[in-house]
Structures are given as structure tokens and as C-alpha cells.
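Below are two complexes that have chain A in common, paired first with chain B and then with chain C.
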Partner chain A sequence: MPSTYQLISSNVLTTTAASVTFSAIPSTYTDLVLRISAKTDRANANDGIKLLVNGSSASVYGERNVNGNGATAGSNGNANLAYGALRSGATGASTANVFSSTEVYLPNYNDATIHPFGSIQVQEDNSTTARIFATASTFNTSGAITSLTLNPETGPNFVSGSSFYLYGIKNS
Partner chain B sequence: MPSTYEPIATTTLSTAASQIEFSSIPATYTDLVLICTATATTGGSYAILRLNPATTSTYSGTRLIGTGASAISNRETAQNALELRSDDGIGMSTSIPTFMQIDVFSYAGSTNKTVLASMGNDLNGSGGTSRIVGLCQNTAAITVVRLLIPGDTFKTGSIATLYGIKNA
Partner chain C sequence: MSVAIEVNCETGVVTERPLTAEEIAANEAAAAQAAAAQHEAEVAAAAVAEAKANAEAKLAALGLTAEEIAALTK
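Moving on to the complex of A and B:
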């Protein structure tokens, strides 16, 4: 039985970067998993990550999340966003050396259909800015996914030490 | 490092079906992961999960649901299946796939079986997302995993893959 959970590419920042892109993603897998440990240089607390599929910033992304901040639980929903929303990350205002963690699962990325994807974003920094978001998203455009771009929602940069790993999973 | 995340079986529906089943699951793994993207023929319905597939009232579950407007939590006990509800009454779409990630822990052991399901049903303006913890009070090793969609069928093109995870 073959190993099926394989690293496609990684990017561990050694300096600040405004964007990270995984391009020319091979079509040899069934699903993609993106795992991120990141922090932006935003001065205020909490910063999201924008996920652009195939570089698209068209208004074709949807989002439904459930979230908690240690005091209350909530939910947000958005339609026709210009990016896939990965909410609530660590920033320059976070506790030192604390990065937030994100996992994104993109099933059947080669299919010529609308693409649903799931994600979870967590930030625990021993302070009141800690949050968790579990999100269902859609990229409402058909066609195989060949690139993924990540930008800070506000930033403007990811800080050094942020890491981005793209894995492929085969179903055979 | 040994391979530890392996595909067991996959199915892509060539015709609409009332269920997706994986049987004769080997006991050689520690945990199971079921990945499914599915649409419904009629819509508005929910998938349910059965293991082995027991139909007695041995299932219970607790859900955390995000509707896009509020977070809610509810519970069911003594059911004949684990309901994989992903939202607050919208149900599965006929066109936008629902994404399900279902972990079945220690499936080959002799204790009751626990399940963690992550459900995504974003319909770009409606739908929802949920996390569900489930219990199946069945101490036998799980050899069959069955997804059903009561009152509806999974549409052609729905895809499900069962993976096994080894701890050694």
C-alpha cells in the first residue's frame, strides 16, 4: 500500500513576505492539505489570511464559520467574497513568539466542479485575544486547482518564521 | 519512517445511490478517516453514519453548529445512527458539494467507538458548518462504515474515500 500523505512543497520564511504562493501544483493527488504556522506584522490584534485559489480575486468565495473567543461563541457567514477567509491569526500585538495555526483541507482539487474546502484556525496566546474558528468555505468556480496564494488580510506582511506546508493525499 | 496514512478504498458514484458503504475493512490500522464530498438528488437532506452497521439505539452525538448568524449546540441520544447535520435546517445542496471529514478512533478495539465529524456546507450565502462528536456503543471491531441519506439519494459524482491511520 503506498504512502499517500506526501509533502508537495514548503516555504519557511527567513524574512518578511507579503505573499506566499504554491504554484504548478501537480494533479497527481486527490486532496490537498495546507498547514500554516504564521503571524503577521499588523500592529493591532487579530489578522486573517486571504486564500486565493488559482490567483482568483473575483467575488466567488463563500464562508460559514463557528467561532469562540474564550468568552462567547458566535458564527459568521459571507457570500461573494474576493478571497477564501482564514480568520483570526496572530499579529505583532500577540504574545512574543506566538504564532497561530491553520489547517485547510481541499478535497478533489482536480475536479471540474465547485470546490468546497474546510479549515480550522486557532490562536492561543495566553491572553484575551485567543480565538478559534472552524470554517466551511466554497470556491464557486469550476476547474482544477493549480495554485494557492496566501496573503495577510491586513498585515501587510507575514513575519519571519512563518511556515507554510502543502501536502497531497492520494486515494489510491 | 513507515507509511501510516493509507487509502483503504474509494468510490465515485456513477449513478445516484441511497448509501455509500465500505465493507471488509481490515483491522490493520488504528483509526479510520472518511473523506466525502457529496451532493443530494433532491436536496435539503442530511447524511447519517452507521458503523457495522448497527441500527439499534446505540448512537449519541453532540453538535456545535455555525449557521452564519449564530452558534448553536444540540445533542441527540439513543439514536439508530449518527446524524451528520451541518447546519440549522438547510441541508445538503443539489449543486454545491457538502464536505465531510469523519474520524473513527480505535475502530478495531473492544471499547465503544468514538467519532469526530467536521461538516462543511457553505452554499455561498446560506448553509453552515459543524463539528460533531459521536459515540457508537458497539464494542465489536468496525468492519463496515455506511453513509446514508434518508429520503434522498447521493447524486452521481459524489466521492468518498476511506483511509486508515497506523500508530506504528
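Moving on to the complex of A and C:
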């Protein structure tokens, strides 16, 4: 049976870092999956992760999300963002040694068309008001995806121990 | 010192370099903008919550039970 879900590359931080980039992503897969366990050094609660596709910070990203924190639920949409917004991250104000989890699915990343991607972000904070976001996003530029860059939305850094894994999915 | 890490998926080589002054300035500007946007969202959410509490208090003053108010807000 062929292995259809393969680790392409990973990085576990041993120091703080302002960004992590997966470059030269091979075109040999059908879809990509990005799994992140991260925390930023922002002093206040809540931070997000910025996803830059092919290094682009042009205003070509859009999103629709639903979210909840155990007390209130919401939804919102944004267009013309300068990055893919992965929300609900743990920070320096979160419970010690607790990181938030994010998974991003990027289908058909080799297609030379506008790229949709979906993501789930969970803030694990041993708290009744920890948040979850489910987000549908688009990267409105054509061309295959060859690199993915992750930055804290506020940070400015990911803390040591944050981990980033990029997987490739094959359809056979 | 802030660093940027690049993982080359083809070669497996991991490169770590210090951020340039331009990158640091851009990150600081983006962080300030994100923090301002988050604060704005939190203020808006607090205003909605306060308005909801006020409305529920007024409904209670009119004689509605807690169950009736809850039914209205579902």
C-alpha cells in the first residue's frame, strides 16, 4: 500500500524565532498539511499566526471564520488581508508550558489557480474561555505554492519548543 | 536577537539568520496594527455584551422570567 501522508520537513525551535519558512516545497504531492504547536512571547493574551504563501504580503488573502470561547460564539469575514490569518494562539500570558494547536490544509497546491485553504486553531489553556477558530481562507494569486512562512501576528517571536511540521498528501 | 529560520524542503538544510532592520521595523508596525485591531474587537465585543445585559435587565423589569428571556435570545 502506498504511503499517502508523508512528512516533508519539520522544525522544532530550540530558541525564539520571529519566523519559520518552509522553502523549496517539492511538487510531488497533491495536497499539503501544516501542523503547528506554538506559543508566542506576546505579553498580553491571545495572538495569531500569519501565514505567508510564497512570501507574499500583498493584500490578496481572504477569510471566513466561526469561533467560540465557551462563553460566546461568533463569526466574521475579512477580505484583502496581507496574510492568511491563523488565530487563537497561546502567548506569554497563557498557562505555562501550554501551546496552541493549528492545522492548515492546502489542497491542490500545484495548481496555477487561486488557492483556498482551511484551518482549525485551538487555544489550549486549561481555561473555560479558551478559544477555537475554524477558518476558510483564500490566497487570491495564481501559481503553485512553493514556500510557506509563519510569523506571530503580534509576538514578536515564537518561543522555544514551538514546533512546525509540513506533510505532503498523495492521492495514490 | 530575533532570528528568521528557513527550512529548505529539498535539501533539508536549516538556515538561521538575524532579522534585518527593515524586517524588525515591519514586524513592529504589523504587531502594533494587530494589537490595535484586537483591542478594537475586544471593545466592540464588550459593548455588545453590555448592551445584551442591559436589554435582559429591562426585560426582567417588565416581568419576563429568566427562561422567557433565554428563549428570546436563542
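Rule of thumb we're sticking to: the second predicted complex is superposed on the first by the 170 of 172 C-alpha atoms of A that agree within 3 Å, B and C clash if a C-alpha of one lies under 4 Å from a C-alpha of the other, contacts with A are read in each partner's own complex, and residues count from 1 in each chain.
In this section, a residue touches a chain if its C-beta (ideal position, glycine included) is under 8 Å from a C-beta of that chain, and two chains touch if they have at least 3 such contacts.
Small disclaimer: the values here were computed from a predicted structure and weren't measured.
Contacts of A:I8 after superposition on the shared chain: chain C is touched, whereas chain B is not.
By the touch criterion stated above, A:A24 is placed in contact with chain C alone, chain B being left untouched. In the superposition on chain A, A:V98 makes contact with neither chain B nor chain C.
When both complexes are overlaid on chain A, the residue A:S137 reaches chain B alone and has no touch with chain C. Among chain B and chain C, the chain that touches a larger number of residues in chain A is B. Of the two partner chains placed by superposition, A:V122 touches none, neither chain B nor chain C. Shared interface residues of chain A (contacting chain B in one complex, chain C in the other): 74. Touching chain A in their complex are the following residues of chain C: 2-12, 14, 16, 19, 23, 27-28, 30-31, 34-35, 38, 45, 49.
Taken together, the chain A residues at the contact with chain B in this complex read 1-5, 30-31, 61-68, 73-80, 105, 107-108, 113-114, 116-118, 120, 134-138, 140, 169-172.
Interface residues of chain A, counted against chain C in their complex, comprise 8-11, 13, 15-26, 44, 46, 48, 50, 72, 74, 151-157, 164, 166. Those residues of chain B that touch chain A in the complex are listed here as 3-7, 10, 35, 37, 64-71, 73, 86-87, 95-99, 101, 118-131, 157, 159, 161, 163.
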